[in-house]
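Note that the chains are named A, B, C and D in the order they appear, and that numbering of residues resets to 1 at the start of each chain.
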Amino acid sequence: MTNTNHPTVLITGFEPFGGEKVNPSWQAVQQLEGLIIEGHIVITRELPCEFDTSLEALYNNIALHDPALVLCVGQAGGRSDISIERIAININDARIQDNAGHQPIDTPVVKGGPDAIFAKLPIKHMLWDLHEALIPASISNTAGTYVCNHVMYGLCHYIDSHKQNLKGGFVHIPYLPSQAVHHSGAPSMTQTTVISALKSMISSALRHDQDLAIAAGTTH
Amino acid sequence: MTNTNHPTVLITGFEPFGGEKVNPSWQAVQQLEGLIIEGHIVITRELPCEFDTSLEALYNNIALHDPALVLCVGQAGGRSDISIERIAININDARIQDNAGHQPIDTPVVKGGPDAIFAKLPIKHMLWDLHEALIPASISNTAGTYVCNHVMYGLCHYIDSHKQNLKGGFVHIPYLPSQAVHHSGAPSMTQTTVISALKSMISSALRHDQDLAIAAGTTH
Amino acid sequence: MTNTNHPTVLITGFEPFGGEKVNPSWQAVQQLEGLIIEGHIVITRELPCEFDTSLEALYNNIALHDPALVLCVGQAGGRSDISIERIAININDARIQDNAGHQPIDTPVVKGGPDAIFAKLPIKHMLWDLHEALIPASISNTAGTYVCNHVMYGLCHYIDSHKQNLKGGFVHIPYLPSQAVHHSGAPSMTQTTVISALKSMISSALRHDQDLAIAAGTTH
Amino acid sequence: MTNTNHPTVLITGFEPFGGEKVNPSWQAVQQLEGLIIEGHIVITRELPCEFDTSLEALYNNIALHDPALVLCVGQAGGRSDISIERIAININDARIQDNAGHQPIDTPVVKGGPDAIFAKLPIKHMLWDLHEALIPASISNTAGTYVCNHVMYGLCHYIDSHKQNLKGGFVHIPYLPSQAVHHSGAPSMTQTTVISALKSMISSALRHDQDLAIAAGTTH
């Protein structure tokens, strides 16, 4: 699959969960398969919306493709913009069952791991570039406590433990318009915009090793 | 201008207000100029965001073009979806000055007019068709008390008074993504989606004289 | 019941609906029974959350007690403050069944009635006095399309038709804190605050025949 | 000051910031001064809304009073309920200047500290007890990136470094109703409810060394 001379980036989306028929993350991510961005070829994978097996699939794909960047993407129904996650926390606290029927409560993602780990990404550069491209985006300080946070924590922990030069992190995206039709009043973002945003963020992440110091915080 | 044999529809957008550099309503509406929808040619006009002069401009254009349908479109910053207004009320209560510097408080739009007037549109058919097209939309029961409501009330009052076979009403649309970049967390809708929505609503409005009875209300 | 020499005011709350065990409107309203406010004795009644029968009960109580003021109060789960309704519209569009199992869609409250009727209350005076008392409040331009709007429209239509010197209108209140415990993230207001707000609004409504011109509108 | 035989708990509020005239945290906290809860005497202090000096004041008071529990309380304007913070992160990213005019961007709270630290509190027990008391509450997974998070991180880091048997954490509270009057549509909570909540949380925190495993997470 990665039988080219290009270095790779690995971009993941999730399968649907919570009663949805599609997951906008995988709908968008799969459109990037094979693209060349900043000299890297994009490899895309769909992760199960399950604790543990999602991380196993992620680790296997990192081992297989040896990417320079891993960007995991998930659905955040109810959010309005592209949210770049700043940090993942070492806890699973599932409000609903995952797709395998598991609902862990206050268990660690990685036993003995630190309480949380910052994204291994130039998140402010990525934000700046999205805004330059007129795409609504913000920094988020929580990826929740479900499978999205689980995958982000597992990824960041893997980087700290095994491959410190790997860049990696997580991005949440809104519902698709077709989903929002069934959630009255929920904001949405078109797949076209999401794809533009993903390309922009991959490019930013590859180009910048140091981050920008621009304010993007919250008072609470 | 309407030198064809086609009957016309008149679609209006507004100029920017409240510190915005663009108004997404006129940005989208002007793209429809000259289109033929259901055998009608689309005429587009930009209205000033001013009490009274907006209505004068509207009335002049109705007189000039004798449309079969008038659809006025305005920006609702903070709303997530296409909202089809059910009713306009006979009051001006401006939270901010209009673009001419006026700020009427609790004055009538039309002295002696009824307290409110329902849209002269098959709003449930329009909603149904938007949902079929997978475009987020809802029925709104208030167009506010600013220039949007003012124009809608004036339009509906004109229809009742002068031209009862004319169809007419008002639609609010979200910020553009480029605007939402400056309003952290605000939902947005792309111009492409808005244009699709406008075409769908014009077509629905022209095709249906009786409305559908589908629930689209709110408990408060 | 009204066997005193005092003129009366009639304040109504609703029975619970939509799966709630209590309705904060009746919980608060019943605490006012027998109070003397501005020389008027307060009579309180609980209305069924049903189309038509709610109005019959209201009309019967107006006939029985001949009040100088009728203030109907209802629950608006999800709203944050006391909202004084500006207008009621002549439509029933029920998103959910009422407590009698009926779900009217786009039927009129009063056949042949005007499209909408403004509250017969000095709403800006009431707002001003609530703010002076440091109670969060706003003017709302829609009471929805369910039983609350139905009762408000029926009341205002009755006043226009039968008793033009009667003051009357509708106020929506938030969930109680005990309800918000079951609606994660929903705002709430304590019964103590609601009771203070109701007393303040009754007093304002009785004291003022002309309204204040203070801006309290919305742009959409 | 702690000249009794009682062990102590230290509860802090903040001074006003962001243009507010009061801070509901200190308004409520100061009412607890001298109370005996679960055999502990409550000591209250107001912290400056400033990076660094807030933490110095906190550390001085911990040294002086040797409390068994430190609960820091802050204002979260716009939130609806009592939010018990699960975790603090090692970053200052100020959207607005603090009260000393400083606006750090992406600096660490504690140089060399871990990326984040979990609250040293039985947060699920505290949540359960608040719900039993019919007080709206939730677990929050971000305390923001301003002075509140700064103080929480500094507290938790101090506990890990100096005094591992000390319990400590952070709670955000809504605006007071008197503040919400100036923020149209913002939710609020009365001081009476906040005081009840604080007493409940202090008691829960003192009584429980192990936490409950009840789901209180978010999907994003």
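Just so it is clear, contacts are C-beta pairs under 8 Å (C-beta built on N, C-alpha and C of every residue); 3 or more make two chains touch, one makes a residue touch a chain.
To keep track of the chains, here are their UniProt names: A, B, C, D = Pyrrolidone-carboxylate peptidase.
What you are looking at is a predicted structure, and each value in this text was computed from that prediction instead of being measured.
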Outermost chain relative to chain D, judged by CA means, is B
The distance between the C-alpha centres of chain A and chain D, rounded to whole Å, is 31
Cα centre of chain A to Cα centre of chain B, whole Å, reads 38
Here the gap between chain A and chain C, centre to centre from mean Cα coordinates and rounded to Å, is 47
Contacts with two or more other chains occur in chain D at residues none
All chain pairs satisfying the touch rule are A-B, A-D, B-C, C-D
Listed in rising order, chain B residues that touch chain C in their complex are 18, 74-79, 86-87, 89, 91-96, 103, 105-106, 114-118, 124, 139, 141-146, 148, 172, 211, 213-220
As the complex stands, chain C meets chain D at residues 80-81, 131, 134-138, 177-178, 180-181, 184-190, 192-193
